[in-house]
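Some notes on the structure that comes next.
A, B, C and D are the chain letters, set down in written order, and residue numbers restart from 1 in every chain.
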Amino acid sequence: MEKIVITPQIVEEHGLTPEEYGHILTILNREPTITELGVFSVMWSEHCSYKNSRFWLKKFPTTGPAVMVKAGDENAGIIDIGDGLAVSFKIESHNHPSAVEPFQGAATGIGGIIRDIFTMGARPVALMNSLRFGKLNEPNVKRLFDGVVRGIAHYGNCIGIPTVGGEVYFDPTYQGNPLVNVFCLGILKHEDITLGRAEGVGNSVYYLGATTGRDGIHGATFASVELTEESEERKSSVQVGDPFMEKLLLEACLELLQTDAVVGIQDMGAAGLTCSTCETASRGNSGIKIELDYVPQRETHMTPYEILLSESQERMLVIVKKGKEQEVEDIFEKWDLHASKIGEVTDDGIMRVFFKGEQVVEIPAKAIAEDAPLYQRSYKEPAYYKKLKALDLDAVKEPNDYNTVLQKLLADPTIADKHWVYEQYDHMVITNTAVLPGKADAAVIRLKETDKLLSMTTDCNGRYCYLDPYIGGMIAVAEAARNIVCTGAVPLGITDCLNFGNPMKEEIFWQFKNCVLGISDACKSFGIPVTGGNVSFYNENPDGAVDPTPVIGMVGLIQNSDYVTTAGFKQIGDEIFLIGPIQSNIGGSEYLSIIHSIKGGALPEFDVELEKRVQSCCLELIRQRSIKSAHDCSEGGLVVAVAESCILGSGQKLKLGVSIVLENISGRIDGILFGERQSRIVVSAAPKMADALIKAGKKHNVPVTRLGVVTQETISWTVNGKKVIDQPVKESAQNWKGEIERMLS
Amino acid sequence: MRFGVVVFPGSNCDYDCYFAIKQWVSSSVEFIWHKSTRLNTYDCIVLPGGFSYGDYLRTGAIARFSPVMDNVIKYAENGGLVIGICNGFQILLESGLLPGAMLRNTSLRFVCKYITLRTVTTRTPFTASLKKGEVLSVPIAHNEGNYYIDEKGLEELQKNSQIVFQYCDADGAVSDSSNPNGSLLNIAGICSKRGNILGMMPHPERCCDPLLGSIDGLKIFQSITESFKKMQTA
Amino acid sequence: MKFKAAVVVTLKESVLDPQGVTIKEALHHMRYNQIESVRLGKFVEISLDASSAENAEKLVHETCRKLLVNQVIETYKLQALSPVSQKEA
Amino acid sequence: MKFKAAVVVTLKESVLDPQGVTIKEALHHMRYNQIESVRLGKFVEISLDASSAENAEKLVHETCRKLLVNQVIETYKLQALSPVSQKEA
């Protein structure tokens, strides 16, 4: 092979700084080959090494009595849920691929997150997706939204894992930079935990799954240095997902793990073969030797550089005990999968790669996997921050027609019902979905053969994080926990997906740092560990960065099905209460944005201690069976939450309404109605339970206010003796349920 | 009564069927690997839903050539009970055990939701314990449930009372507005002439447990066991 | 000898093509009103090994009838079949 | 004037075609081992109205680029374009 001289230009094109290159020279004690440079460049990329974020991510609390595998140690964390069972869950971004090709980008995102979970030995049983797009009336947004939803549906439905929940926001900040974050949860027995380790000298390294092509090999210019003309023209930045292949991989791997033939297993995700070989070797304190000639290839004349860096989907690396190869090959054969032994575990701590008999890589595995550079980026408070906070909202005129405001908010695509989305997803396969999408603040799945159920949600309001990254980060955790609690669950842990702009910009990094601290402090306060996550930077275009969007995926445990609680009102005559403070300002609200076109104002006051008390109070009432429904107040505030509970509780014939009367209200009416103060839950209960609610409020030291009563057909709000809202439920339901479809057709 | 649930590569409701049957219908239920060729120990064969072979090319097209299918065909020809659910129904169509074919849903979208079904005939073992006209609430989850058959074929179906389920509204009325996928005559399920083979798009195995919202699916499985009992004693 | 075959599979005329209809409507939305109808079929490219062109043709027809085409709703046409020179392959 | 156009849309060579691969393997299971590869594409038949063959061609290319073809992963070829006699149409 022709030898390529590494020039500063090539180094730069590989995204490595001169200092980083110097570090490489020290590690190797010589110049790297072009292939080795490629290996370092992908392993030390932001995506694999978290070099710009790791310092701050260490602030997260990662331990707890139930944590079995900690964040960062493996592909995903694991939490004990009793009965000898555990859960593994994780969220990941696929923003950039989805922007280029929404269908395949989203589909391969699902494929990737599922692999992360089953490599842990867990059977994936639930998916969620957290999506953000620009304004839905933009044709390009429609195309992206449609493509992403179809892509998720394509992959998730085919592989047979239900998509049980998620969220969708539409805001101009995501115009041109859609966010596609996908979450997967798996269940496993304690004894089935599998680690991504290459251990035991002489053990075999197997390559399993799809063939390798020139997919997703990074960069463009440097590639021409080595790649042949053929590769240039045949290179594809878009990967096509093959959910059928992944289904076979999933079943074969889980079957494999029931034997004692497997030492370790790791998916080939970002940085493909490179990452999986050096990470498994590094974790196992071993070396690894592979021969690229045995790697099944889809295209001709691939170079070692290309084979190592390819990001072709649906591939796994399996470390097999010496002597057990046949047992393993039989299982692959059963599933019609092609497996190929590509190398073995060694004891010299070196990752060695051979191609046509020649050694093309010789690097200490630990050095690439663990000695990645670590930076403390500088940060600076953005200019907008104090200005927006100080915005005088008293100047905002209160509308005189609140009926119209309510209808506009219900029809706001961010607030509107998402059945257009979740009905395209198989959300019932595996027959565990005890609370279907749309029925409660979080999805609930049962755990077969136990009394327990799991609750899960994703949450983040990017606008809050823009206006106040620290509080916004805290609120993301608090809201997720509140959603979990509203279904009758106790939070177990979170996974986070941190979507930000360019971290080299000090103002962006300031947002990042403060969001991380907010999340971290909230988690510590709640006692909820972070079990893993993902960072996605560079979500920006010439018009600017997206609002800081640290999406929280949270999982909770419900002790038994008696506690499962949904959001819809249940019966005429039931009384409606608010647990939590009733006063709110309108800063940062969807109301302010939609009705007054203002993005700003100070966020309503947030007190994490109050939040915790509100949640404890709600959970206690659920466990006493004192309340029949619980729904948290989020976008759209109190009135929207109540309207949703009416609509969700209504059947085809009977429409539930409300009659709400509030007296002695001071301050802005629109704040009470549409403000988005946190720590508020709307519940309903039989009239005879009223005392129990008031008592619980006193006990937990939280305000509990009787709002009114469940009626029929009409949503009616009277404030200080004046009827401010009077609307047929039917009309509200039509606006809320139909708007997304109307906008797309 | 001994049930066998066939597992094709890409089946994903196999375990759901197994679990629902085991828990609510019969303790005797086994998986049948698609490469298996012995079926005679079973009293009812279930072809489950999912995406056999990824549904690549056409739904059910490749699974139809799995080794097990030759025996399923023989088994059915001998009068054995076969129920194909969703992808299983599509496989039955591709294999020629049931007439017609599936087209893409007219919405061109996958659709997963509860729908209501009207029981058109009770002459099959799968519906014998139901009431004629009985309305069931059962989920669907498919991309290709738009049943098609040519005019002559349709006449045959009607003449032989082979239409078993139709999509309907909550009151049992069959109308365009209650058709979720464009299916001809709102057809949701059909049977063979003899009535021993049923293909249906909705998923009864998803609604056997009260915890999951509806137990109407159980009625179909119970009908199978009751009919079987009767056949045994007859 | 290596051959390459191109097969076109289309829905029978009598069968409604939901995809084609939707594409046509989308084109009308985009103001391409001159488009009067669209029908969507499959294009299958097959590379195969056979002792003669005749055998290759026979093989392609067989795979079409058995697997590639559902004759209840579809018809097909073998559009092209040509030998591939060793170099190309 | 009425025209009929036939367009073939295929995945770019470098792009994985999971369907094609699976179909090929299925054919192998059915003992058609002579089949070396299968790639699946789309066949689109368009009927349209245009003032000239030239305009018809322009229109077809436009709809391909705008809607029918996802140029990130696909390429297409206008296979045929021919006027339809009034009677046929």
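We adopt the following convention: a contact is a pair of C-beta atoms (placed from the backbone, for glycine too) under 8 Å apart; a residue touches a chain by one contact, two chains touch by 3 or more.
Bear in mind the structure is a predicted one, so any value in this text is a computation, not a measurement.
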**Study point:** Neighbouring chains common to chain A and chain D, by label
**Key:** B
Review point. Looking at B-D and B-C, which one has the bigger number of contacting C-beta pairs?
Key: B-C
**Study point:** Whole-Å gap separating chain B and chain D, where each centre is the average of the chain's CA atoms
**Key:** 35
Practice item. Could you grab the centroid distance between chain C and chain D? Build each centroid from C-alpha atoms only and quote it in angstrom. Key: 9
Study note, to complete from the structure: Distance in whole angstrom between the CA centres of chain A and chain C is 41
Exercise for review: Could you grab the centroid distance between chain B and chain C? Build each centroid from C-alpha atoms only and quote it in angstrom.
Suggested key: 31
Practice item. Would you please write down the residue numbers of chain D that are in contact with two or more other chains? Key: 18, 22-23, 26, 30, 40
Study note, to complete from the structure: Flagged in chain A as touching 2+ other chains are 242, 244-245, 336
Point to revise | For chain B, residues contacting two or more additional chains | key: 53-54, 56-57, 62, 65
Exercise for review: Using the contact rule from the top, write out all pairs of chains that touch.
Suggested key: A-B, A-D, B-C, B-D, C-D
Practice item. Note which residues of chain B are touching chain A in the complex, please. Key: 9-10, 12-13, 15-16, 19-20, 49-51, 53-56, 109-113, 139, 141, 143, 170, 203, 205-206, 209, 211-213
**Study point:** List of chain A residues in touch with chain B within their complex
**Key:** 150, 153, 157-160, 242-245, 247-248, 335-336, 419, 422-431, 433-434, 436, 446, 448, 561, 652
**Study point:** Residues on chain D engaged by chain B in the complex (per definition of touch)
**Key:** 18-19, 22-23, 26, 29-30, 40
Exercise for review: Would you mind writing out the residues of chain D in touch with chain A in their complex?
Suggested key: 11-18, 21-22, 25, 70, 72-73
**Study point:** In the complex, chain C residues that touch chain D
**Key:** 2, 8-10, 20, 23, 26-27, 30, 32, 34-50, 59, 62-63, 66-68
